[in-house]
Amino acid sequence: MLKNIPPLLGPELLATLRAMGHGDEIVIADANFPAEFLGPQVHRADGISATDLLGAILTVMPLDDFVDQAAIGMAVVGDPHARQPIYDDFQQIITRHEPSMHFSTVERFAFYDRAKKAAAVVQSGETRLYGNILLKKGIIRPKS
Amino acid sequence: MLKNIPPLLGPELLATLRAMGHGDEIVIADANFPAEFLGPQVHRADGISATDLLGAILTVMPLDDFVDQAAIGMAVVGDPHARQPIYDDFQQIITRHEPSMHFSTVERFAFYDRAKKAAAVVQSGETRLYGNILLKKGIIRPKS
Amino acid sequence: MLKNIPPLLGPELLATLRAMGHGDEIVIADANFPAEFLGPQVHRADGISATDLLGAILTVMPLDDFVDQAAIGMAVVGDPHARQPIYDDFQQIITRHEPSMHFSTVERFAFYDRAKKAAAVVQSGETRLYGNILLKKGIIRPKS
Amino acid sequence: MLKNIPPLLGPELLATLRAMGHGDEIVIADANFPAEFLGPQVHRADGISATDLLGAILTVMPLDDFVDQAAIGMAVVGDPHARQPIYDDFQQIITRHEPSMHFSTVERFAFYDRAKKAAAVVQSGETRLYGNILLKKGIIRPKS
Amino acid sequence: MLKNIPPLLGPELLATLRAMGHGDEIVIADANFPAEFLGPQVHRADGISATDLLGAILTVMPLDDFVDQAAIGMAVVGDPHARQPIYDDFQQIITRHEPSMHFSTVERFAFYDRAKKAAAVVQSGETRLYGNILLKKGIIRPKS
Amino acid sequence: MLKNIPPLLGPELLATLRAMGHGDEIVIADANFPAEFLGPQVHRADGISATDLLGAILTVMPLDDFVDQAAIGMAVVGDPHARQPIYDDFQQIITRHEPSMHFSTVERFAFYDRAKKAAAVVQSGETRLYGNILLKKGIIRPKS
Amino acid sequence: MLKNIPPLLGPELLATLRAMGHGDEIVIADANFPAEFLGPQVHRADGISATDLLGAILTVMPLDDFVDQAAIGMAVVGDPHARQPIYDDFQQIITRHEPSMHFSTVERFAFYDRAKKAAAVVQSGETRLYGNILLKKGIIRPKS
Amino acid sequence: MLKNIPPLLGPELLATLRAMGHGDEIVIADANFPAEFLGPQVHRADGISATDLLGAILTVMPLDDFVDQAAIGMAVVGDPHARQPIYDDFQQIITRHEPSMHFSTVERFAFYDRAKKAAAVVQSGETRLYGNILLKKGIIRPKS
Amino acid sequence: MLKNIPPLLGPELLATLRAMGHGDEIVIADANFPAEFLGPQVHRADGISATDLLGAILTVMPLDDFVDQAAIGMAVVGDPHARQPIYDDFQQIITRHEPSMHFSTVERFAFYDRAKKAAAVVQSGETRLYGNILLKKGIIRPKS
Amino acid sequence: MLKNIPPLLGPELLATLRAMGHGDEIVIADANFPAEFLGPQVHRADGISATDLLGAILTVMPLDDFVDQAAIGMAVVGDPHARQPIYDDFQQIITRHEPSMHFSTVERFAFYDRAKKAAAVVQSGETRLYGNILLKKGIIRPKS
C-alpha cells in the first residue's frame, strides 16, 4: 500500500490510470459485464462495488472538462429517460470529486461500442442493475 | 459469475484452486505482506478482507485432513501464545466449513519460508494485524 | 478437485466460464469439429461426451434468458426440421438446469460463423452425429 | 481424430509421447495428485480414468524392457505389500500390451521424487485410491 | 517413436494432424515452395519426399469424403490437362489408403490461395516438378 | 498524470512501489551504477536527480520503522565515516517525510549485495558522487 | 552513460533513434498526451521537459531536409496562427542544430493522425501548453 | 563460421535465406533506409556495404529466372533513366553469379511498396546513393 | 534451398551450425534417443539416417583439430572394444571430409553427460544400433 | 545512422553500451569464438574486424580507470609472454582513446570464465589469431 493512494487501486490498475492521457477512457463494469473477450485489457476487482471503485479512481484521476460528457452510464433499455438508483450514487461521488461534472447516459449499444475502444475495463463485483460507468480522463494543469 | 461459486473467486484464482492437488498450499496475505517479489504467483484481491477470502475459498476447497495443521497463521512476534482477534474469526470460518479442523500458528520466519513454497499467494486488502493464513488443500473422496 | 464443482471442469475451462459475461458464447464441439484453427481458444476434453460436458457446464453457468435461443445446435443438413437423437438428450439436460429453456438449431454454416465469434470452444470426444451445441451465458441476479 | 490412434490421446499428449525417448518417463496421476506445481508439464484429462488412459498410452508407447520396473505404482502407505484393487486392473492392461511386463510399486515419497523428474504428468479424473502409475518408455526396434 | 505410427510423423506434425478437424486442410509442399512467409505454420521435413510424407499422413489421417476433391495438386502451368509423373505416384498412394478417392488438380494461383488458408504446410525435400499436394481431412465415424 | 501523485513516478515505477510489501527494498542508483545486468528489474529515470526521486518516492512510500536502517547509502570507500554533500540532502528529504528516520551508510560491497536482492533499481541521472540510496518499505497502518 | 551522447537519451530511446531511417518520425509528447494506447511504442521521460528532450535528440538525429516540414507542433485550437511561447523555444533549439530548418504546426487532429504512424512517442514531463513536437529523421550523408 | 559459406552471412540471415522459397523477396537496404518500422523482419549488417552483401547472398541464393526482373534497384527520383555508379557494381556482381540476369530499377514508391511485402530486409552500412536492391529467390533444380 | 548447401540442413539447423564456435558440440541422435527432455535445443530430422546427416553437417562444419577426439560415438555397453557396423560408416564419412580425423567412442553415460552440455541435438530417424555421434566444431582458418 | 556516433554501433549494441554501468564488461570476440552458447547476450557483427569494433566502442565508452586492467586480451597458449601482431593494433587504438590505459592479457581459461560473466559479447568477423578483447566500462565524471 502507498500513502494517500486509495488501497483499492492495485499495481496494474494504478499503472493504467497513470499511463492514460487526455481523452483516454476507462470502464468500470458490473459483475455480469462481458469484459474478458471485449478487446481492452481487463483489471479484475471481484467483490468490489462499482461505486467504491468510482470513488477510488476519481481520487487520483481527473475527468475531462473539455467535453460535455466525461462520466457516462448505460441508459435503461427501452426507457432512456428512466433513472436507476445507482445513477444517483454515481452522481454524488462525481460531485464530490468534480463538482461541475454531470453523469449522463448513452444507449446500451453505443456504450458497448465505446467500451471496445477504452484503454481498459475494470470488472467490479457490482451486482446492482446498470452498474457500469465509463470515465474520460482529463488533464493535470501546470501550477501557475 | 457462476452459480454456486462465491463471486470473490475470479477466473485466475478459481483456476489455481482447481489446479492445486493434495498437499499444495495457498496463502491469503494481508495488504502489507511482501507478496510480489516472494516467488509464487500472486492473485490480487485489493479491498477484500482476509476473512471474506477465507470463507470464499473454503466454500470450494477442502482442507487436508491427513496432517494436523492445515490452516496456519503467523504467531505473534515475541509472544507465541498470544491470541489476535483475527485468529478467532479465522477459526469460526474454518469451523463452519471444516468442523474438525483447528487454526494454528507458526513462528513468523517459518511462515515466510512456507509461503515461498506455496502454489500461490492471494494479496488481500486486509489491514488487521496478523491477517495472514496459509491453507493446505485436501482431497475430494470418491462417492461410495 | 473442488467441492460442489463438477470434476469435468478443469482449471482453464473453469476460468473461461467464470470470465465470460452476459451474452458471451461457448461451443461444445464433437470430436470431428474443426476447432483448433477456427479462431477462439480451444479447451480439449478428449474422451468426454458432449452431453456430459453440457451437464457439467450448466451446473455452474446460467443460460441467457434475455434472448429466445441460448442453447443452439446444428440443423440436419438438407432436412432442417429433422430430429437427431442427441437433440433430445441435449433438451433433457437443459430442462434439468433451466426448466424454461428450449434447445433450437441453426443452419450448418450459420453455426460455423457463430462459433468463430465464441469466447471458446470445448472439443469433446463426442462421436454421435450433430453432437455440437452453442451456449449463451446469462446473468447471476443479485439476491433480493 | 486419427485412424488407429486411441481418441483419448489429444494433440499435446500425443506429441509428448512421440517426443519421449528411451528411458523417459510419464506419470498418469489421479484427480487429487498435486501435479500442477510439481515441475513437469501437465496434460489434463479431467473425467478420464487412469486405467483408460493406461490402455490408450500403451497402445502406442512401448515400455522399457531394459529395466526390471517400467510400470510403477505407489505402494500403500504403511503397508508396502498390500494390494489395491486398481493394481490388478493396471496389471491386466499391461499384460494385454506388454505380456512379459510386471506392475510394481515404490514407496510414496520415492514415487513423488521420480514424478518430479518425469517428462510429463497426465492428470486424469481417476478417483480410486492409489490410482497413479509411472511408465518408462522403451524403444521401437528396427524391422529385420 | 511410437507403435503403429509412421516414424516420419514427428511430435509437432502428429499434433497438428490430430488437432485438425473435418474440412481442415494441410499442404505437403516441395523443397522450393515459398512456405515460410505464406501464413500457416510450417513443419519442416527436409530430405523427405512428398510421396513418403503422403503415405505417412494417409496412414493416420482420413480424407474428406463429403467433397469431390480432397487430394489436390497443382495443374501444369499453361497445360492444365497435362499429367506429371508424380501425379501417378500420388494417385497410387491415395488409392492404397482411400480406394475411392481421386487425385485432382487446380490452377497454380488457386492452389496458392488455398494453401494460405491451410492449417499447416509441411515443407518436404521433394525436388520433382509439381511435387505439392493439399489434403482435406475427413472424419472418423463412430463404430456401430 | 494523476492528482496528488508526484509526476516523476511513471506507470511502471508506481506499480512497483504499490506492489512492494513490508520489508521489500528499492534502490535509487546514480547514472554510473551498473544496474542493467545486476538482477532486479530496472526503471530508468535518465536526467532526474537521485534527490528528486527520493522526494517523489517518499511522498507515497512509507519507510520501515521496524528496523534501524531503512534508508541506506554507500559509505565512502576507504573512509567509512566521511560525509558526502549528498548525504545531507538525502537526510533533509527523509526528515521531511519521515521525521524520526536517519540516513545511514554501509560499505560499498555490502551495498552491492543488498541491491542484488532489491525488488527494483531506479537508474537516475544523478551525477554527484555517492548518489545511491536503498529504501526499505514500511507498512500502512489501519486507521483506528 | 556514454561519451558525447546526451545523458537524457537512455538505452531504449537511443536504440530507437539509431534504428529509425530516412523519413521515420518520432513524437516528443507532453505529460498529458494520450501516448500509451495510441499505437507506437512509448519511451517514458517523466520529469523531463520537451525542450530538453528536443535538444538531446537533435544532438544526434538529423532532421529531414528533403521535406519542407520536419519539425512540427500542434497549432492552437481555434486560432491556427497564434503563437505559443514554447514554439519559440522549439525554434531556437532547432536553429542551433539545424540552422535552415523551421518549426511549423499542423491542426490538432492532423497531429494525432500522424503521431499514430510515428516510429515512437517519447512521453515527457512537459507541462506547458502545446508542448508536443513531431520530428522527421533525415539522412547522414557520406563523407566526400 | 562454416566451410564454403560466405562469413558475412550470420546465423539468422542464413536461416532466412534457407527458409525463403520460390518467388520470396529480400531487400538489401542502405544505411539510411527506413527498415525497422517497415514491417518485415530486419537483419542488421552495420558497417557492411550493399555490394559485399549482394555478393555473399548470391553465392548461395539463386535468382528467379521465371520472371524478367529478379534484381531490382530504386530508380533515380525525377530521372528514371539516369545511371548511378552503384548500379554498375550491382550488375557486375549479378553477372558473376547469374550471367543471364539483368539489374533493373523501379520507381521509388513502387520499391517501398514491394519492400513492405519482402520476407526480410538486410540493413547494410552502405552509404552510397541508391544503394538498395531487392532480390527475388529462384529455385534449385533437381540434378538430372 | 540454397546453392552448395546440403538440402538436409534446414533453416534452424543451419543457423545453429553457423552460430556454434570453436569447441561447441552437436549430437546426431538416433530415433530412440531421449533428446526432447535432455536440455539442449532439439532439431528434428525424422526419417533421415544418422549417416546422411553426418555427411551433410561435415560438408559445412569443420571438426576440431585441437583435440584428439572430435567425433565421438557411444561404446557398446558391456563390451567397450566391440565394433558396430555403423561405426565404419561414420568413419568413412569422416575420412571423406576430414582425412586425418578418427571416430572414437566413450562409455554410454559419459556420452549422455556430454550430450547434456551440447549446443544442440539433432534427432534423426536412425534405427540402427548405436547410431549416435557427437561432433566438436573446429575453426575456419584465415586464408593466407 | 546518428550524428557523431560510429555507424558500426547498431541499435542493440548501442543500447547495451548505454545500459552498462561502472565495472560492467563487454567482449569483442573473433569469428571462431564460441559466443552463442556461452551465456551472455550476443551482438553479431559478421564481417567487421575486432579492431574496427574496438575503435567504434571506445569512441563512446570510457574504460574503467579504477582498475589496472580494463582492456584484456587472451595470452598465447603455452607462451604467456609472446606478443601477437593484433595486440599492437589493440594497444594503438586504446592509446588513441584512453592515453593512459594499457592492454594486458590473461590466460585462456581465465578469459573464458570472465567472458561468461560479461554483460554481452560482440561476435565480430575477425579472423586474425587471438582477436578477442574484453573491455571494462568506466564512468562519466560530472562536469565541474
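Descriptive notes on the structure:
For clarity, chains are labelled A, B, C, D, E, F, G, H, I and J in written order, and residue numbers in each chain start from 1.
The rule we apply is simple: contacts are C-beta pairs under 8 Å (C-beta built on N, C-alpha and C of every residue); 3 or more make two chains touch, one makes a residue touch a chain.
Fair warning: this is a prediction, and the values are worked out from it, not measured in the lab.
The interface holding more C-beta pairs in contact, when F-J is weighed against D-E, is D-E.
The interface of C-D is repeated, with over half of its contact pairs matching by residue number, by F-G among F-J, D-E or F-G. Look at where the CA atoms of chain C average out and do the same for chain H: the two points lie 53 Å apart.
Averaged Cα coordinates give chain B a centre that lies 62 Å from the centre of chain H.
Centroid to centroid, with C-alpha atoms defining each point, chain A and chain G lie 33 Å apart.
Of all residues in chain B, those touching 2 or more other chains are 1, 7, 9-12, 19, 31-32, 36, 127, 139-140, listed in ascending order. Residue ranges on chain I touching chain E, taken from their complex, read 1, 7-12, 31-32, 36, 44-48, 52, 125, 127. Listing the residues of chain I that touch chain D in their complex gives 29, 31-37, 127-128. Against chain E, in their complex, chain D makes its touches with residues 1-5, 7, 9-12, 14-19, 59-62, 139-140. Against chain E, in their complex, chain H makes its touches with residues 19-24, 119, 137, 139-142.
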